[in-house]
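Chain naming follows the written order as A, B, C and D, and within any one chain the residues start at number 1.
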Amino acid sequence: MSYSGVVPPLATPLKESGDLDLDSLTRLIEFMIDAGVHGLFLLGTSGEAVFHDSASRTRVLEHAVKTINGRLPVFAGVIDTATDRVTDHARAAKAIGVDAVVATAPFYAQTDQAEIRDHYRYIREKADIPVVAYDIPFCTHVKLRRDTIVELAQEGTIIGLKDSSGEDREFRQVLLDLAGHPDFFGFTGAELVVDSALAMGAHGVVPGLGNVDPAGYVRLWNAFKRGDLAEARREQERLCILSEINGVAIGRVGLSSALSGATKTALRERGIIATNMVARPQQVLNDNEAAQIRKILADVGLI
Amino acid sequence: MSYSGVVPPLATPLKESGDLDLDSLTRLIEFMIDAGVHGLFLLGTSGEAVFHDSASRTRVLEHAVKTINGRLPVFAGVIDTATDRVTDHARAAKAIGVDAVVATAPFYAQTDQAEIRDHYRYIREKADIPVVAYDIPFCTHVKLRRDTIVELAQEGTIIGLKDSSGEDREFRQVLLDLAGHPDFFGFTGAELVVDSALAMGAHGVVPGLGNVDPAGYVRLWNAFKRGDLAEARREQERLCILSEINGVAIGRVGLSSALSGATKTALRERGIIATNMVARPQQVLNDNEAAQIRKILADVGLI
Amino acid sequence: MSYSGVVPPLATPLKESGDLDLDSLTRLIEFMIDAGVHGLFLLGTSGEAVFHDSASRTRVLEHAVKTINGRLPVFAGVIDTATDRVTDHARAAKAIGVDAVVATAPFYAQTDQAEIRDHYRYIREKADIPVVAYDIPFCTHVKLRRDTIVELAQEGTIIGLKDSSGEDREFRQVLLDLAGHPDFFGFTGAELVVDSALAMGAHGVVPGLGNVDPAGYVRLWNAFKRGDLAEARREQERLCILSEINGVAIGRVGLSSALSGATKTALRERGIIATNMVARPQQVLNDNEAAQIRKILADVGLI
Amino acid sequence: MSYSGVVPPLATPLKESGDLDLDSLTRLIEFMIDAGVHGLFLLGTSGEAVFHDSASRTRVLEHAVKTINGRLPVFAGVIDTATDRVTDHARAAKAIGVDAVVATAPFYAQTDQAEIRDHYRYIREKADIPVVAYDIPFCTHVKLRRDTIVELAQEGTIIGLKDSSGEDREFRQVLLDLAGHPDFFGFTGAELVVDSALAMGAHGVVPGLGNVDPAGYVRLWNAFKRGDLAEARREQERLCILSEINGVAIGRVGLSSALSGATKTALRERGIIATNMVARPQQVLNDNEAAQIRKILADVGLI
């Protein structure tokens, strides 16, 4: 059981009221499938998972699994502070029918690498579902070390890694360490250097920006797979221009609002989701920022 | 409605199985009341709150409220990643009958100070219970800024501050800014400089070490209140020696394990709780470490 | 050979051209002596030492030693990246006739605590002058650990500590560890909690704000020494208000400019130094900021 | 005037006494030239520049310029705390005859991006020599922001960037922003992802590991230039194995010692330099560590 390709971490659409907007989620999923992506990741950092409680997370996963209906593999984020809570999310996700769960290290409390390894072992054993390690020290404030990932992969605790650490050199060493390991996959979250990551052996990409332009990432992937690295680079550089949407609100709002807000505003402008509402207490992007985002979307040919 | 004095952040005792040990919690609460503390704080960082799910948190609070039975004010930590989840915890805590909830800034996702202020406003409004702001950047990786605290206090959103930032200079400025504000209270979590914090105007202390020696902190408080600063200092310096228990396991286990483990091991050695079990995936202190802790307890006259 | 009391870290006055303004330095020194301070610290962080080359540092020290002429102990900062360069500064300072040098850990390159201890040993041995350890992790990005300080003090490598770490709890433990050590002194740089630091056993204070109001810190010291803690606190709280000058330019200029600029602007407004020029590439505070600083000086009775 | 290719940041060989070992430096330079590198960078972080005073730095540069004798471009690090000191180093380097100087942001004191830009402008104007910006936040604790680099390049203040930030995504955006700019060059210091960096448009590489295996980096470069990306990747992956030497002493000594020590030990084992002595107060790698390094050198065919 291995995975590869473009697996966007879906935004979680909201109504103006702040409630889940499942109709928009349906459209977002169909937009992804139409674009040819290879899997879907619900409730990741881009999905504002930590802003949602268990009930809300369950509704998102149930709706997604039903909508996707086996057309693509479904990964579910089970982001939470520590082992028991993550295990609970993982059990719920399994019951709903996702293919694998994606779990970070514990956060808020400081744990060491031995404790982090036990964290993953416990989740794997108790929830009995394939587990992907999610390395995102920018949010968790702890790095999943190279030897931790390698040990967990070799013993079969994790089936893959989603690397959002930005530390491409360590990611490369993990890929080299596990090059001979059957089925292990390493996905990069570094959406601006996907061509590089694939060239060094990454098996796929989980691009937040793929919400807005899934077809672009699919073209990048296909160009790489057929060996047309120049085209992969051109597509990546176009997506680098698109990524400027993420900077539009930085400074006026918090970083999380700026990123989630840019994604949702762009999706609204492209007609996929109904509002650019973000989860409480984040702030919504304003009309001026939306205008800047429209300009960037037009620059890269998306509207 | 204001508060003052010694308010220990209670450990959450566990059985060897990892389940809640409510009998030990009863003994711990009675140990506190016998020592003369002025309030109790359940489910703080020292209470390993983030390792517990909602059901477990509810059991702890229900048991504590029933056991305390109005003899002391009860503060409940509602530590979680973002606004809606914190609000849910706060509603549950209110229903159980605690006196106030203690909430950190959002974490994992990066929010700015304006968003943090909205976070507190929403919790206060929707849960309809007194809110204490909990500043612990070591865990949340964001500081509650002085102007944020002052604005929230002046508008009535928060009734007090628990300052575990270690930034005594900024804490002092908050105390000065709000010196004329009716009822606002500032509690320090800096358990090694309580005499200093009281001398600069703090209204109380929330000492993790107060689990192990509540009577010591009560003596410190009483000495300060009667103006015997030399005695307050002597008691504080004795407690500084006691605090060496926190360093015993550092390096061998993660920081959170080292601190929670030291507290629980000391409480076990003092005969208050049954085990030194810590919540998953933390590691338990070993016999060698327990022996070092016994030695320190003996040095300060606690066993 | 021990030291105590108020030892301001002097600003290094500049002309509009950026050259040293030794006439202003003379006036600043006499202003300090008139206020009754107990020592003077040249070329610290507040003295913008790292902006000055060896020749300029030599001119400052020669002028200061000549001007002070034995009326007060003179401490010289020897802040530089690594051991040999610091040793060179220390030798030059000794030849000029200062009483002790004040040295940080190496910075830019990452060294561990064993290497830091060797750093101090080498400086002490080769420069043959009393050495004070200067703990300022905000600038060096490494903490002088408690055990490092204690070992260096006990073996006679350092005569004292200037603690600008802001970690008052660790500072207190160092003071307790070395309470029985003859002559060791611990100075705090935490200018807003001097009353607290003295109450926990600090031997003196090195307040950047003491440039602007040396008499205030001397009054605080004297009140503490005669046991009038209430008066010490009142004076400290007045100085907390004065410290608001440090926030005036934050956001518009870099942090170093904001602090050095506030000190120099206040000294200019008080008529002590000629300009508020700061060393390259820092930015000078503007007229609007100067007006805000004048307002604060008036509020605390300094103009 | 632009540059490209493999430009190793040379180690600075020392005798057992700690004095400069210029004979070893000669051999190291000839080793580089024989391997076909395209330029040499003296007194970078790998050259332990911050451990050397001005006199020592001058001796290194004079010896290198004389030895190289125009056979390759010479870059000189002018790493120091602030503008005037850097400018002094730059003037000295110009007088010695280097081709360009490489300057970091100020460090120890906190400056903002506007001040950093002024820093570079002043150095460029007063030293009158081409300036390369050196982005190494791991040492300086400040990032050279994308807009700072672009502005400085477009106005002609800097001719290039050495990016040792590890933030490949921001580096890529700088390369894209300046793609149309005549002569600007971007060198990466990320020695484990050189193939990626070149593929995204980097003009060269400054690999610390290139001290040990310059021929490997030259092969990587040549493979890339002739379009043989598979061979570039193979060579890079071989160099990733070589990079394990950098981890051998981590934990036992400080990070700077571990890295400089690994480079020098490997060079000694290869017979290029006489000792593995590192600059004070760093610690020398021991025999056990040297044996591990020999093993790695053998694994990649270097001994």
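Things to note:
We adopt the following convention: contacts are C-beta pairs under 8 Å (C-beta built on N, C-alpha and C of every residue); 3 or more make two chains touch, one makes a residue touch a chain.
Quantities reported herein were computed from a predicted structural model and do not represent experimental measurements.
Separation of subunit B from subunit C in touch steps, taking the shortest path, is 1.
Set against the C-alpha centre of subunit A, every other chain centre is closer than that of C. Centre-to-centre separation between subunit C and subunit D, using Cα means, comes to 35 Å. If you average the CA atoms of subunit B and of subunit D, the two centres end up 49 Å from each other.
The multi-chain contact residues of subunit A, meaning those touching 2 or more other chains, do not exist; every residue touches at most one other chain.
If touching chains are joined by edges, the resulting network of the protein chains shown is one closed cycle, each chain touching exactly two neighbours. All chain pairs that touch, listed by label, are A-B, A-D, B-C, C-D. On the subunit C side of its complex with subunit B, the touching residues are 166-169, 172-173, 176, 190, 192-193, 195-196, 199-200, 229, 233, 237, 240. Taken together, the subunit A residues at the contact with subunit B in this complex read 45, 48, 50-54, 56, 79-85, 88, 106-112, 114-116, 118-119, 122, 139-141, 253-257, 279-283.
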